[in-house]
Amino acid sequence: MKEIIVRLVQILSEGTNISFVLITVLVLASATVAALSRSVVQAAFALFFTLLGMAGYYVLLGSGFLAITQIVIYVGGILVLLMFGILLTNRPLQREKADAGRLYLVAGAIGAVLFLGVLVHVIVAAPWAVGVAPGAPAGDVRPIGRLLFDRYLLAFEVAGMTLLLCLVGAAYLVRRRDQ
Amino acid sequence: MSEANVTETAPPASRRDSLRTEEMLLNMGPQHPSTHGVLRLVVRTDGEMVRESWPQIGFLHRCFEKIAESLPYAQALPYADRMDYLGSVNNGLAFCLGVEKLGAIEVSERAAHLRVIAAELNRIASHLIAFGTYALDLGAFTPFIYGFREREMAVSILEKLSGGRLLYHYPRIGGVANDLTPEIASDIRAFLVQMRKVWPEYNALLSDNQIFVKRTANVGVVTREQAIAWGFTGPCLRASGVRFDLRKDQPYSLYERFAFDVPIGEGTKGTTGDCWDRYWVRMVEILESCRIVEQALDGIPEGPVLTKVPRVLKLPKGEVYVPCENPRGELGFYIVSDGDPKALRIKSRGPSFCNLSIVNEICRDVLLADVVAILGSIDIVLGEVDR
Amino acid sequence: MDDIILQFHTSAVAVLWPLLSKVPTWITYAVAYSVGGCVVLGWIALMAIVGTYGERRIAGFIQVRYGPNRVGPQGIFQPLADGIKLLCKEDTVPNVANRALFFVAPVLVLLGAMIPFAVLPFSERIVLTNMELALYYVLAFQAIEVIGILMAGWGPGSKWSLYGGMRLAAQMLSYEIPLGLCALVIILLSGSLNLGEIARWQAGPFLGMEHPWIFGWAVFRSPAALIAFFMFYVGGLAATKRAPFDLPEAESELVAGYHTEYAGIRFAFFFMAEYAAMYVVCAMSAILFLGGWHGPIPRPETAEGFEFMKTWSDLIQAGAPGAATFVDRCTLFVSSLWSVVSSNDGIRLIAREAIGAANVVGKSFFLYFVMIWARWTFPRIRIDQVMHLCLKVLLPIGLGCVIWAAVQVVLFPH
Amino acid sequence: MTRRPKNAFRLYCTDVWAGIYTTCVGLGVTIRYLFGKNVTMLYPEVRPEIPPTHRGLHALDESKCILCRLCATNCPVGCIAIESAGKGKTGMVTRYDVDYSQCLFCNLCAEACPTKCLRLTEAYSMIRGRREDCVLRLARPKSQSEIDEHMVKLARREAEKKAASKEAPETP
């Protein structure tokens, strides 16, 4: 028992580990709020801290670029879009109650089980010994750019094409049908 | 006409159904910064779009008509001043003209000239406030101060002339309160020079500014037919392309002697009858008023300024309505007398009240910011709307 | 790595080694970063003070009146008085407020405004963290402020706040695109995301001059950068919700927008955040486009400006010998001053850094002044026009600038 | 929705250009004022010049007042309250209150005054801390003894007059 505590203190006295613990607490707490909160808006705002924490993980892993990109895409883009949807479509100033019909419950349970399966698979299959990638200077975007335009060019282009199509589709959906 | 409008302005059904967002009821006012006083505007909004807006009035109701019926005419006059507190001389003038017509009271030529001078100076001052507050509504603070700088000159002149700075009580039954001195005359000339000098500056700063034009052109368009149907008068009516000015069409107080143009909206920056036109008509009217003041000052004859009227003025039995061109439009007092020193009935037809009625008609399916722009361009004074 | 935190850390460790040998390194780092954070907070507070005073005074003079001139000489203590007032004010919370969001929002907004200062250089070496990705980082972390303001919009339960929050989020997100494009022009031209590197690039040789003084600034190196500079500035105005883009807090439409329900110190947080964000935009414009710490005041060693002055005096020599000798004398004076300064390593370093900081802050304050000037000149733009300007004017022109810059880099590689 | 005009691109360009141009023009106007002279005055130190016609607070010349009360009857709001010892020219004003919470500053009272003893002055500062202070007492406050004295004097004069008029018809 004593040895465990000593080991724990040892681990905790390292800056990176402290940061990891703090971030994990933040992520878990906010994710819990996001999942359990009755107010959709509050859940969405809690998600912000979860995403921020994820960016923190990337920093700990030595990839500043990924961390910033996480902020740009998930916080600046997706979360704000989400918020727009929630704030504009819900009746303001009222907290919503989750509409838990039986059918939803069943569907939700099935989805949860499936997702859990995927998660377990990932946890089991993932090589956990990830450290800071050796040699690569933190924050150098050149190799990432090279990879994107070289090895993963096709995937990159396909993703870009898909997003463009989504944009066009969105524009088509919201256009005014006046004439 | 109204039916055609509804189909024109309402969003197509498909869009309303497919992308429905929650509608919200907003209370703009009575303490909202852009309602020019204590107007309450209930606005039904869909996101930034305003679907409907109902003006709720009466927060400044002071029973003007009832008070005026319970006082002798001369004592009711200061209350008339207080209706449209920005065009106080014009209000008093309208009331005096009504009483004088019913009582067949003569006014000397000098007094009539002085009335024109004061009324036009007051019109300039009022339009300068309209200019300044409109800029303020649209988020520009500085033109407001510049407008007030010139207005201060006009107000100082009126103060020297009448003694008041806002509520002048200058026209009296039978003439005006005080005579013009050479010093005041030179002040007025200096003011006209200054006004003409800074007028282009106003335009450089605001009228021609692309942001301002974008905010006002093609916004809140009132067509000629709409303007007439809703009883628009004054600059708002003229902005819709109707060349109607009581000073020209039913001249009173010697207005027929002065040469001036009646500016109308021509859709210079957008559509005829949009906010920019309403604003611009006022701006041009400032110059026209300067012309009138100059002519009146040049042609002013000598003579008394106040005809002697009996201390207890009893008007003959009868009724009268004299319309007058207030800075905001047609202001008239309908006076019914039964021979008593007090009127039997006084009813005022105020321009702000009538102009305001169109708000729900044009503030439909516009952006929230446009409501502010439209309301400012109509240039209402709540003191007169509520009386 | 020449960032201050590291320097602070190593020097502190060197001096206090006997004491610190038992202390884990992360504690010294934490202390160093806390000190840095306090400095940033102080600087933001100073910005808010200078900003409000300057704003009100300049507004006063533009509007032919005196601004605040009672508290202290020329009213310079007015912002302090205001600050004390804000601190003492009652902290009101609306009944219908979502309390958690209501309380977190101002903190988050201020945090969002503070974040860029971590990488914002004041001079070559006066920078908290010399990050490789500084530019990307600054642009990315605006998102935190957006979330904070959305919270502020929802939290108090006021409809005006909600409108302000939504407007702001829409506006800030849209303007991140042109801002990013303008930054991309500089990234392409300089080939770096590091702010220090970008500033250094602007001091590099240009048009045959070894030390091109102000002519090495990005705005002179490419027409694309010149256009991008103005667009970056306009986009920055919009992203910091300054007039004429102040519609999230449009007082004539939305009462006060997202901070309608906030009073006292919470309002002061929003206030400080706004002025801090303004400074960030100005400083970023100065660093990215106006040469950073290079010029207009020449720094010792680099001989910036002397070359230009020499050429100038040669040119004048032909026409007016008297003027030329004056220019010569000035050059001589300045260079002799520099030679005195450069005789000592410490003084040289301090002088370099001080002049660099003066250059950055001076240029930023000039741009700050232009922001104030513009605010007291223009009417406010409407929300759809804000989007129009962003998506239909700035975006295409920005894309054009990026293409131009790319072509320029390919044709004239540095 | 309006149809896209044919010269849309040209319109767009002129639009952008007009935006840039008018922006610069506007900035030019304000920068000129930045270095110009201020028109406002530093109020408590510098006072504005008030024209003699200004209708501010009332001033009453008690000695000229004939207690006709025309001012009070001509007041639209009835904000003037007068009390006197005696009547007419010989009367003494014991109280002359103007309630400025009601006063319209219409000048009708002063205009009605036959002896011009009431006038609206240039005094414009009307800040009062309490509602009661809004009532200004224009008449010099008089003690009861003074009023009594005046009444006695009046009575004596009246008696003398009466005596004189009684004597008068008898003398011829």
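Letters A, B, C and D mark the chains as written, and numbering starts fresh at 1 in each.
Just so it is clear, a contact is a pair of C-beta atoms (placed from the backbone, for glycine too) under 8 Å apart; a residue touches a chain by one contact, two chains touch by 3 or more.
Just so it is clear, the structure is predicted and the values come from calculations on it, not from any experiment.
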Centroid-based (C-alpha) most distant chain relative to chain D: A
Selected interface, C-D versus A-C, where C-beta contact pairs are more numerous: A-C
Mean-CA-position distance for chain B and chain A (Å): 59
Between chain A and chain C, centroid-to-centroid distance (C-alpha), Å: 30
Centroid spacing, where centroids are CA-atom means, of chain C and chain D in whole angstrom: 55
Distance from chain C to chain B - Cα centre to Cα centre, in angstrom: 47
Residue numbers of chain C (touch at least two other chains): 62-65, 159, 376-378
For chain B, residues that touch 2 or more chains besides their own: 24, 142, 149, 205-206, 209, 211
Multi-partner residues of chain D (at least 2 other chains): 23, 26, 29-30, 39
Chain C-facing residues of chain A, complex: 13-16, 18, 39, 41-42, 45, 48, 52, 64-65, 68-69, 71-72, 75-77, 79-80, 83-84, 87-88, 92-93, 137-141
Chain D residues within the chain B interface of the complex: 15, 18-19, 21-23, 25-26, 28-30, 39, 51, 53-55, 74-76, 104-108, 120
Residues of chain C touching chain D in the complex: 58, 60-66, 69, 373-374, 376-378, 392-393
Interface residues, chain C side, partner chain A - complex: 24-26, 29-30, 96, 98, 100-101, 104, 131-133, 136-137, 139-144, 146-147, 150-151, 153-154, 157, 159, 162, 165-166, 169-170, 173, 176, 193
Interfacial residue positions of chain B with respect to chain C in the complex: 24, 26, 32-34, 48, 135-142, 145-146, 149, 205-206, 209, 211-212, 214-215, 367-370, 372
